[in-house]
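In structure tokens below, several structures.
Shared chain: chain A. Partners: chain B in the first complex, chain C in the second.
Showing the complex of A and B:
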């Protein structure tokens, strides 16, 4: 555990001193402030437009951050050969992946917290009330992003940063839409399509249960049991991804 | 007792472009005894780094056997090994202190703040310990690399081209550190293509060329091999008469005869005295490792 912690803090320090934390946070804040321009043109729906826009901006910004940093995190270790100094020491691949995952996860957590707190205060300033509901999405989004982070790390063990970046985006898209494909497959009578829909639904990450953004924006109640789901599905998926990454890495040759 | 035993080590790579097979190691055999400094000599691309990566399990070998401390490498043995890679690169946003603290935390026995500072002092980086690695020169990186290789107080240290990038002062220091490690009872293997470094500090050398070990042996034995030649400076005898003893060069008004062995030297001296010549000087020349190295490579080619 000590080794994982050391690698995690190392990754966090490297990432945060690279000005990533600061620049993404500032960019996020500027974009969130710019949502003010939608209020006069949103015919009485100002709060919903600002919420929709703001929460989407935070999500996309963090997704970009994960993909941009995550696809390079292992690649750079291999490219710059810092991996030699790690794996010549008593460190297992799983410890490296767990450490890298937690380090990048910590960066994402901090940026997300900064942006959500700012957005929360921003809404209070503009609309005059505290909209605490956004913090439900804050927690759900964090788990979604961590899950995607583990997928990005997994892909980066055998793909170039560009390829793994593109595929990670596609997987994020699939994760948010696979339930539509599944629903559609129930309505058509094509066996192959049904099999395909099931593979996509069960194999890829599935955010149909965790995506509660609309519930937040339109003040639709959601089942609080989803929190239990949140503590099981994403965590198991993350563990699986890290484990598979380490197995792939064990077979790798550091030429 | 042998700290390292390498037997019939073979490794083939595939070239990136046409996926052709390239033999990187072709049946390597050698051993490193406890408490010795072993120098692995060879030109660039001979296979030195591949041997180290094989020893450390960073690459998978095709054939052969590697034993460290009598057995295959595992996590327990890694606690006792230190490694400095060639042209080391570190996390550029971390400081010198943080880097050593990080590497130390990967071992069971973690060094405390004072110990890390002491190590930084030893490598002359105490004033730069709060500076980020990204601002370090090549020589400073090499020294930090050396420090991380010994951070766990290892029994067996592998140094891949440890003198690279160091200026003459720090080269000398590096050699002294290596000798100091030996005095502490550590076993060291290092690679280089700079032969005088080997002559100064190694007990045993292995010459590697095109993935094969051509010679291994005690440095003292290797230097015994055709150990001396003599330059005899003579006057008063015609150059042509001296040519039967060896190569003759004229210097000023003297003839210098190069002699390869004792017997011939005695014959020459007798000949000069008999012919009323004058022996100005007899200079013994030790054969250098460089000569031996080139000889071995030439034999192979």
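Showing the complex of A and C:
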């Protein structure tokens, strides 16, 4: 555990050093403030537009952050050969990946917290009420992003940063649309397509349960059991991804 | 250093000049881009969880399109398409159904499409009595009192509904006599709305009510009313609408504001 903590802290320090933490937070805040321009042109739907825009912008920004930083995290260690210094000590690949995952996760957590607190205060300032419901999305989004982060780390073990970045985007896209494919397969009388749709649906990450943005904006109650889903599905998926990454890493020649 | 700044400044100026001159030379029809927009049901497959964001951006785009077509006297041919996509992306967007149907009925004069959009809303949001109310209202302002009555009656069965549905159902039964009361409704809509397009529709609605009363007066009295005061005096309208300190009046047989 001590080793994981040390690697995580180091990853966090590295991430903070290249100013991504600061620049993404500032960029996010500027974009959130700029959503004011939508209020006069949204023909009476200002609150709705600002809420949807804000929640989506935070998601997109953090997704970019994960993909751009996550795809390079292992690659840079291999390129700069700093990985040898890590493995010269008695650490297992799984510990390295867990450390890297937690380090980057901490960066994401801090940026997300900054942006959500700012957005919360921004809504209060512009519309005059405290919209506490956005914090449900804060928790759901954090789990979604951590899951994607684990996928990015897994892909970066055997792909170049550009390829793993593109594939990660595609996986994120599939995670949000696989339920449509499954829904569509029920209407099509083709056994092959049904099997394919089910494989895609169950194999890839599935965000159809966790995407509660609509419930937040429209103040629709959602099943509180989804919190149980959050504590099981993403965590198991993350463990699987980290474990697979370490297995693939063990097969590398330098170890 | 100063030379470099000048160089950058001139480059920016040059780029701006080229863009500006091309913009003037090649007129763009931004509205044709909507032609290539796929059907709403298909768009949701490609937006990857950002349905609401895209629906909002399209909502704003729809307002721009509406204003643009209005200024250049366009045909509003993509109006239904836009609101169909918005409501497919965000099925709970109540105002998308209501405003969309209003704009379609008002600008395209297409009651069938307006009702189609409201029916889609009723399917997606079966608990919203207000959609039944507006469906009845669309029929009512098109003087289809029978269908209007049916929709108001359905709306009045909902627990949450105010007495509005019942009131309009009764007005539908009165047929022509009830139309007078529409004037109150349009006035209320004008005062309560913060949407400039809705306000415009409300003014047009008030003018249409007066036109309707005028025709009725002509039919029954075999002469034209000299002024709007005559319609009020003879109880063809319940009041004279005054909007922003300007009265709706009749001049040379035309209703103007």
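Methods note: the second predicted complex is superposed on the first by the 254 of 255 C-alpha atoms of A that agree within 3 Å, B and C clash if a C-alpha of one lies under 4 Å from a C-alpha of the other, contacts with A are read in each partner's own complex, and residues count from 1 in each chain.
Simple rule for what comes next: contacts are C-beta pairs under 8 Å (C-beta built on N, C-alpha and C of every residue); 3 or more make two chains touch, one makes a residue touch a chain.
Not measured: the values here are computed from a predicted model.
Partners chain B and chain C, brought together by superposition on chain A, fit side by side with no clash.
Of note, the Cα-centre angle with chain A at its vertex and chain B and chain C at its ends comes out at 150 degrees, rounded to the nearest 10. Shared-chain residue A:10: touches chain B; no touch with chain C.
Of the two partner chains, chain B is the only one that A:88 touches; chain C does not reach it. Once the two complexes are overlaid on the shared chain, A:156 sits clear of chain B and of chain C alike.
In the superposition on chain A, contact of A:44 is made with chain C only, not with chain B. Nowhere in the superposition do the C-alpha atoms of chain B and chain C come closer than 28 Å. On chain A, the surface touched by chain B in one complex and the surface touched by chain C in the other have no residue in common. By the touch criterion given at the top, residues 13, 53, 56-60, 75-76, 78-79, 81, 83, 85, 87-94, 98, 102-103, 105-108, 110, 132, 145, 148, 152, 158 of chain B touch chain A in their complex.
Those residues of chain A that touch chain C in the complex are listed here as 38, 41-45, 48-49, 52-53, 56, 59-60, 172-173, 176-177, 180, 207, 211, 213-214, 217-218, 220. Note for the complex: chain C touches chain A at residues 44-46, 48-53, 55-56, 59-60, 63-64, 90, 92, 95, 99, 193-198. Interface residues of chain A facing chain B in the complex, by the touch rule stated above, are 2-3, 5-6, 10, 13-14, 17-18, 80-82, 84-92, 253-255.
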